[in-house]
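Just so it is clear, A, B, C and D label the chains in written order, and each chain counts residues from 1 on its own.
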Amino acid sequence: MNKTIASLREAVAPIGDGATVMIGGFGGSGAPIELIHALIDAGPKNLTVINNNAGNGRVGLAALIEQGMVEKLICSFPRSADPKVFTDLYLAGKIELEIVPQGTLAERIRAGGAGIPAFYTPTSYGTELADGKPVAEFDGRPYVQERWLKADFALIKAELGDTLGNLTYRMAARNFNPLMAMAAAETVAQVSGIVPPGGIDPEHVITPGIFVNGVVEVPDPKQEEILNREGAVYP
Amino acid sequence: MNKTIASLREAVAPIGDGATVMIGGFGGSGAPIELIHALIDAGPKNLTVINNNAGNGRVGLAALIEQGMVEKLICSFPRSADPKVFTDLYLAGKIELEIVPQGTLAERIRAGGAGIPAFYTPTSYGTELADGKPVAEFDGRPYVQERWLKADFALIKAELGDTLGNLTYRMAARNFNPLMAMAAAETVAQVSGIVPPGGIDPEHVITPGIFVNGVVEVPDPKQEEILNREGAVYP
Amino acid sequence: MSDALNIIKLTNEQIAWRAAQDIQEGAYVNLGIGFPEMVARFQPEGREAIFHTENGVLGFGETPPEGEEDWDLINAGKKAITLKPGAAFFNHADSFAMVRGGHLDVAILGAYQVAEDGDLANWSTGKGGIPAVGGAMDLVHGAKRVAVITDHVTKKGEPKLLKRCTMPLTGVGCVTRVYTSLAVVDIEGGHFVLREKLAAISFDDLQAATGAELHIEGDVTDLVVPQL
Amino acid sequence: MSDALNIIKLTNEQIAWRAAQDIQEGAYVNLGIGFPEMVARFQPEGREAIFHTENGVLGFGETPPEGEEDWDLINAGKKAITLKPGAAFFNHADSFAMVRGGHLDVAILGAYQVAEDGDLANWSTGKGGIPAVGGAMDLVHGAKRVAVITDHVTKKGEPKLLKRCTMPLTGVGCVTRVYTSLAVVDIEGGHFVLREKLAAISFDDLQAATGAELHIEGDVTDLVVPQL
């Protein structure tokens, strides 16, 4: 059993037209830039993408959107320092947007991974984001019913991975990555280093390998924030 | 800010008659034996206890039950190698029992900690444990609605704690402990060692201090399994 | 009949061995407490499976020698275990996220009764005593494949494979394969489909020991297991 | 009127300073992105608060010097932060378990509008453009105390404290205290209750700049803040 994938190209090859793809990260931290760029190279169309944001600048998720590959975006906060790519397409009516409160987005993804088809949350009660959703009262307080979110694929970024798919993360780059790993039928993690089984202390594993289908090594991953400060454009 | 509690006696002192108390552990692993024994010494009555099991032998939870302090037990599996204490009281009609499937028990506790008043699970659908619970269909499959579980107090066992309440656990002694820490109004952890802030790597914190109200040091904690093999009885 | 069966029936070890042969390379597997735990001992050489236990360990190994137990390192049956390289610890909610979320490839459980519609009864005889469910109700609705290992009949010789379960259910329509002391039976479309049977028992005798109709679709092969 | 107010109004720093004075020793605090982040700078000496950011950090500290940023260590506003001893990292679901589960003592947020019934509008002007909610809707229903810091009036001099919000709501009945550039106002029983006001403004002028009735219960003290 060895979940190592030899190249970024092979890692994204199964992602076809119309797929739903969760992409980890919060802004640039934890964003799997190299996997996203490999996905741009592969070029599937009409993707539904789930991410907290809508990209920044002209690399990573913003570049994926700029290439016209994203039909629908599910996110909590499509604003950033430079959200021009998304903004232009959105205002032109060329990309569909589903806004989900950030905690609800996280919980819906976890629910997808945990086999919980629906749950109740106080979040968004009485707001337009609850329009059309069932409401129920528990202990005298109103709650909104939310559904799980699942995906065909998750592209995530981790720090260390072993060949069984166990993962650690680096600081706040953890964010949505462990949740998305749980909620996708097929999860691929780009990691800064691959170690043999036992190379990660069982106490320190954040994502157990059962949630991960493949790991691909990207020894010196790029940071979206730094690429944008350099004015990088992909492809 | 220092969450250190000087003694086990002080740690359990706030627990009064009729309190709902979550007690960590799965069988003997992760069971906070010393906190339970301190609770026996304090002697509050009519407790509702939430634990995966119903104790074993005549120490720890079994001893708490034997003292007649537990009015109701919420658990998944009240059988063990030596469940005599619970069995006798149960068959005599002297203790109330609510059986919850183990995964549902864990999820209800997490929901209590996470502000999710209710969720749907496939577990127990079509069984007598779903009797009286709302059922709903999602994507053509039936699910049972379950409610959160909260408690007034959680008594848990951890490995290291810092003075801000950040915790690590030891191997499979983790189990329900991190969940119960989240779901109680007041959580006290017995730890093998207390370290200053920074003594636990932020990447390795399992329970962040926000969920913990007090830490009490028990440098060489007893293992229920070993006590029972020695034929120990408490008090 | 019961006595005659007792002579030919597979031992628990042999049933466990047979079930182990169907575990694929790289599978994530949960074995119910008690008898099913035995399946791990018969994992075929060179095929790696990763074992999950509800109480928060993935990738555990064999039982430690007596005296070398660490009682913080146990399985769901509260027996001491060891770790293989690449193991991971996690809390109970994450553990059942693995179960309920469909991440396990196989769960192998014991049974009081299995019905031809896939219903399973394995947690309560319904006769009083102390009810105790543990993780069984979660496992039956979580794993991609739920298999049962069991004697084909009760100690009194009564069928355990039935049209409908009479004991309290663990789960509805959840079992897809049953490994018994006499046969391997799939559950498909609300029927028992016989796949393998011991050569030493005739179809009619096997049917007589079964509480619902055994369908045949395609070949029925001999159930062959080693002496163990 | 607007010009007159502009002369006496508190600066954002001063509003943030006033809000910081109410944060208790040992409090767990979430500060909304943008202006509310400033509150951390005015945490009183000797009173320890622990700051939470939605993207999975508890116990962060000041902004690092330019050039020393680590872009894996950011806050919810995507600005670089540093860690204090005793910090912890966790995933987004655990982070919002802290929020939604009532574990934060205080959340301090900005506002477009606040109503006397505690309703808050701070995520969308409702005028088109790109909607973006982030964690605001979770924070308003999670923290034990939800406070708002805001100018008392809009740039055009219109009241931001209203009988009812006209912009899309972030949350219903969630705000309990508003720190403005002119006053400190509690929300109790569906009313604005004036607690503190600048000595330089009369009650009548303050009422005129407020879109709903200001109730007085007990003393109204002077809102006194240092030059910053």
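Of note:
Going forward, a contact is a pair of C-beta atoms (placed from the backbone, for glycine too) under 8 Å apart; a residue touches a chain by one contact, two chains touch by 3 or more.
This is a predicted model, so every value here is computed, not measured.
Counting only chains that touch, the fewest steps needed to get from chain C to chain D is 2. Two chain pairs, A-D and B-D, are compared here, and A-D has more C-beta pairs in contact (counted per touch definition above).
Distance between chain B and chain C, defined via averaged C-alpha coordinates, is recorded as 30 Å. Between the Cα centres of chain B and chain D there is a gap of 37 Å. Taking each chain's centre as the average of its CA atoms, chain A and chain B sit 34 Å apart.
Residue numbers of chain A whose C-beta contacts span two or more other chains: 107, 110, 114-116, 121-122, 169-171, 202-203.
Of all residues in chain C, those touching 2 or more other chains are 89-90, 93, 96, 99-100, 141-142, listed in ascending order. By the definition given earlier, chain contacts exist for A-B, A-C, A-D, B-C, B-D. Considering their complex, residues 1, 110, 112-116, 162-164, 166, 182, 196-198, 200, 202-203, 205, 208-211 of chain B touch chain D. The part of chain B that touches chain C in the complex is made up of residues 26-30, 52, 76-81, 83, 86-87, 90-91, 97, 99-107, 109-110, 121-129, 169-179, 206, 223-226.
Note for the complex: chain D touches chain B at residues 25-26, 28, 48, 50, 52, 58-59, 83-90, 93-94, 96-104, 141-142. Remark: chain D residues 53-57, 70-74, 78, 89-93, 95-96, 99-100, 119, 130-138, 141-142, 168-172 touch chain A in the complex. Chain A makes touch with chain B in their complex at residues 107, 111, 114-122, 136, 138-139, 141, 143, 147, 168-171, 202-204.
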